[in-house]
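Given below, in the form of structure tokens, are the structures.
Next come two complexes built around chain A: one with chain B, the other with chain C.
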Partner chain A sequence: MERILLSHGSGGKNSKKLLEFIYNGLGKIVVNLGEDSGIAEIQSEKIAITTDSYTIEPIFFSGGNIGKLAICGTLNDLAMVGAIPKYLTLAFILEENFAIEDLKKILSSIRKESESAGIKIIAGDTKIVSKGKLDKIFINTAGVGTIEHSQNINSKNAQVGDAIIVTGEIGNHGAAIMAYRNEFQTELCSDCASVSPLIQNLLNANIEIHTLRDPTRGGLASILNEIASASSVDIELDEREIPINDSVNGICDILGMDPLYMACEGRAIIVSPESEANKILKILKKTVAAKNAKKIGKVTKKSDKPRLYLKTFIGSKRILPLLSRELTPRIC
Partner chain B sequence: MKNQFKDNPQLLPLLCKIDKLIELSERKGKRFNFMEICGTHTVSILKHGFRSYFKDKIKFISGPGCPVCVTSQKDMDRVIALAKSGVKIATFGDLIKVPGSHSSLEEQQALGKQIDVVYSPLDCLKIAENADEEVVFIAVGFETTIPVIASLVLDAERMNIKNLSILAIIKTIPNALKFLLANLETEIDGFICPGHVSVIIGEQPYNIIPEKYGIPCAIAGFDPVDIALGIESLITQIKDKNPIVANRYKRMVKLDGNPAARNLINEVFEEDDVDWRGFGKVPASGLKLRKRFAKFDADKKFDIKVETTSEPKGCICGEIIAGKKLPAECQLFAKKCTPDSPVGPCMVSFEGSCAAFYKYGE
Partner chain C sequence: MERILLSHGSGGKNSKKLLEFIYNGLGKIVVNLGEDSGIAEIQSEKIAITTDSYTIEPIFFSGGNIGKLAICGTLNDLAMVGAIPKYLTLAFILEENFAIEDLKKILSSIRKESESAGIKIIAGDTKIVSKGKLDKIFINTAGVGTIEHSQNINSKNAQVGDAIIVTGEIGNHGAAIMAYRNEFQTELCSDCASVSPLIQNLLNANIEIHTLRDPTRGGLASILNEIASASSVDIELDEREIPINDSVNGICDILGMDPLYMACEGRAIIVSPESEANKILKILKKTVAAKNAKKIGKVTKKSDKPRLYLKTFIGSKRILPLLSRELTPRIC
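And then the complex of A and B:
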């Protein structure tokens, strides 16, 4: 078995072979498979459920691959409501001729991330489509987690006076992908990671949290616009305080893009009362993954016309709007 | 986080110095009119908040420095006609949404025409090699982009690629500036000269501005401190009544620019009279392929027929490009014309004044 063939999706012998290959690759994180439905054992009053599909070009990037991205993405979505991740479902759609060696690497990343998060894969599926029908591999997941806190964490709950905190440098994932696509030589890595442990640490320390979001597509500025809108508040950021890697700045400058709109895959935005800010930073910074955590702004007032503002390096204030279309690199 | 260029310790003292210089200048409340020629400067000035910082003191006027915006309606129609004819179009992303008289590349793409967005002109080599059909690169840009377009043509010749050509809608800055100066309707107190273009052309092409018109010039970069240095230089020149071409972007721009890049341009292209939106035909302000490269010239390879060309009704992009009006003075701005459904090119391009003013909430 070197490449995916259409017969791997036929339901016959080759399908069985592929399935066994996948089980082997995933190891002990797979439970209760083989039936038409997996049965979850959950003792909790509230459970969180999320689903997402993953497609990325390139599928292997500096700092991760589509498998790691799929697991971390799902874990992060669960973490953003303060849930403790328990189970995952995992479905692959593979293009005919996809290299088995690549699938092996992807499975190995999935296994590693799942093991360290202590989650089990409870249901799965594999489909094969003929060449050209999709680009290499798509992964779909669902995640199930338990909610064991009693806080009201959601985008509508940002309150006047709250501090805005990010758990690390922003834009690394988006910039690393852009760098690869443009064949730039850089040591920059994607920030692709699970933020679940960071959030658990905060909840275990009884920190009051009003809103949690991960700034994926659209980046920091887009997600904070959504929070401002959902909570009917104005938010003001301080450009000086926003942690941005020099390489990210460099890549964005060359391409005419804005780091504030570049995707992150391993960061969280935390909106909490100002009185909790120092405690939050202290807890976050104990973990290497969040050593660059920073308070970057505050919720300033209630507003009928919610806006996100940026206090710039020169000290004047401007609006950080929602982008109305895809980022395209500059041509001049 | 510390960023040596953006968060430069010189910045705040420099701003204080500029504030003092403005106070000392005997303007009696009259604002300075500074024109930034380059679209990237328009974006930087808005993005870093200079516009609001100097609100009552400096009026920043955008010049003709966005390659998509200055592309004439007729040229846009030619691009769209080419797409319709069935050739594969390779283009920078910015052009996709620009409306022609009757359609746009975006619409043609939706109708099934082949339109590939490229990040670098050199991407076209691979596209052509993998395509059976004819591939045409829509070559828009100024001196910054032209050397790479010239490389594309030379590489295509060397690799003997037969199904690749370029539609040259290329503009050059020096003669366009002369035209702009000869037709100025607004009083300009100083020019912020483009950083990227100057890397190629050097300082000399701007000399005519202080020498013939007595207007100060400062070549500037794009980070806050770069722009502040440019502004400081212009105000100092005005105060001292000594207009010159000051190079405040010396870490990138050399006196003589980049002769190697200019030689590359000259090898492939020659001067041509070209159409500018907002200006009309400007003598020797663009480039066409030299005869040796005729087989890469889409104009010669294809019979491009354009239906009637008409400017969008109510759109004042032409006047905005010529520095006569600001985006907010257009009755369509932020109403009928937005980045999601742009009427004119200045609302499309990332570097366009209207898009920048819209984005940064002015």
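And then the complex of A and C:
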């Protein structure tokens, strides 16, 4: 087996071979497969459910690949409601002629990230389409987690006076992908990672959290616009406080892009009462992954026309709107 | 909005517009969206989880479309472990320039099937890829259901003496798709439908069930091979008893294909003690959808080399093997 064949999707002998290869690559994170549904024991009455498809181009990038991205993205979506990740579904759509060697690397990343999160793959699917009908590989995952806290964490719950905290530098993922596509020489890596442990640390310390979101597609500015809109509040960011890597700034300058709209894949936005801000930063900074965590703004007032403002370096204020064009297709 | 644009996947203004269009098309089956994960209350300690990607070509076919197929396929996978369907995730990957009018029809089918099953969509995702990087539309769904019976229903549990029952004519879906692709004139419709109500009826009547599977990709013969292999048993089918529509036979004859390997999308294989067979058929036949249900074979013996046999019309016996080539790519 060197390349994916159409017959790997037939339901016959070759399907069986490919499935065995996939199970083998995933190892012990696979449970209960071989039936049309997997069966899970759940010790909580409240569960979180999420899904995402991953269509990123390139599929291998500095700091990760489509497999790592799929698992971390799902873990992050579960973390954003404070859920403890338990189960994943994993569906591949593969283009005929896709290299088995590449699939192996992707499976290995999926295994590594899943093992370190203690999450199990409970259902899967593999479809093959003819050459030219799909670009290489798309992955879809759904995640199931348990809600074991009793807080009301959601986008509608940002409150006047709340602090806006980000767990690290923004835009690294988007900028790294754009640098690759434009063949720039750079050391910049994607921030692709699970933020689940960071959020669990905060919940375990009984930190009050109003809203959690991960700034993926559309970046920090788009997600904060969504929070402002859902909570009917104005939010103000302080440009001096927003952690941005020099390489990200450089890449964005050349491409005429704004880092505030560049995707992250390993960051969380935390909206919490100002009185919790220092505690949150202290807990976050204990972890290498969040050593650059920063308070970057605040919720200023209730508003019928919710807006996101940026207080710039020179002290002026400008609106950061929702964008109307696509900056970076297939970023995730 | 007439066509899908790349900017519909940006996370900005156009993404919001497309999302509103999708929510609108789906109506009240959508719950808890707008967060990174949806939150569900679950009243059962045992849940079933399944996933599938749908890449069918053509996306509209006689008897359904890719949207109906995605919902029914997921309902069927949940039914195959006797689960009661509760929640769905719904992820679209759309090709740039896809017609909004077609998306509307697909959404309408998804809504209709979900409403009639009482299932809610709790998480979603929409990705857009450039023209030529994907053929029109792929859909991924994951399903979550509750297990409220205490039977051990799985592929490993087929037992010597068990009857093999199928809920209706086989191969209609595969043959209808192949007829369309080959531009045959035919009245044949896909059997695309949810079998969940049929299975619930059996469970509610306390019927003992050992194995349930839906014969999709690879058809009846492939799935029975999987059951034989998982349970280490030989299975024997009686060709005279297998319900096959004349049109399916005709289409397969012309194309040199075997209906026993053609995909169904609205049938279930039920493996139960022979003593339950008549009760099962009686319950099934009360429903129009299963009026052609039949006992088609039996589990004959334990076996180290599990095989599926066919007793033919003329009384001879032949092996129905797992296929090694792909008959019908993108059938689901």
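Convention: the second predicted complex is superposed on the first by the 327 of 332 C-alpha atoms of A that agree within 3 Å, B and C clash if a C-alpha of one lies under 4 Å from a C-alpha of the other, contacts with A are read in each partner's own complex, and residues count from 1 in each chain.
As a working rule, contacts are C-beta pairs under 8 Å (C-beta built on N, C-alpha and C of every residue); 3 or more make two chains touch, one makes a residue touch a chain.
Here the structure is a predicted model, which means the values were calculated and not measured.
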Contacts of A:58 with chain B and chain C, given as first, second, both or neither: neither
First, second, both or neither for A:123, with chain B first and chain C second: second
First (chain B), second (chain C), both or neither touched by A:27: neither
Contacts of A:181 with chain B and chain C, given as first, second, both or neither: first
Chain B versus chain C as contact partner of A:169, first or second or both or neither: first
First, second, both or neither for A:246, with chain B first and chain C second: first
Partner chain in contact with A:147 - chain B first, chain C second, else both or neither: second
Touching partner for A:161 - first (chain B), second (chain C), both, neither: neither
Overlapping contact positions on chain A, where the chain C interface meets the chain B interface: 323-326, 329-330
Contacting residues of chain A [partner chain B, same complex]: 169, 181-182, 239-240, 242-246, 249, 253, 255-256, 258, 292, 294, 310, 312-319, 321, 323-326, 328-332
Interface residues, chain C side, partner chain A - complex: 5-7, 9-16, 34-53, 55, 57, 76-78, 80-81, 83, 87, 89-93, 122-125, 127-130, 132-135, 138, 140, 142-145, 147, 154-155, 212-214, 216-219, 222-223, 230, 263, 322-327, 329-330
Interfacial residue positions of chain B with respect to chain A in the complex: 1, 3, 6-7, 11-12, 15, 38-40, 46-50, 52-53, 65-68, 92-94, 97, 117, 119-120, 140-142, 144-145, 196-197, 222, 224, 228, 338-340, 350-351, 359-361
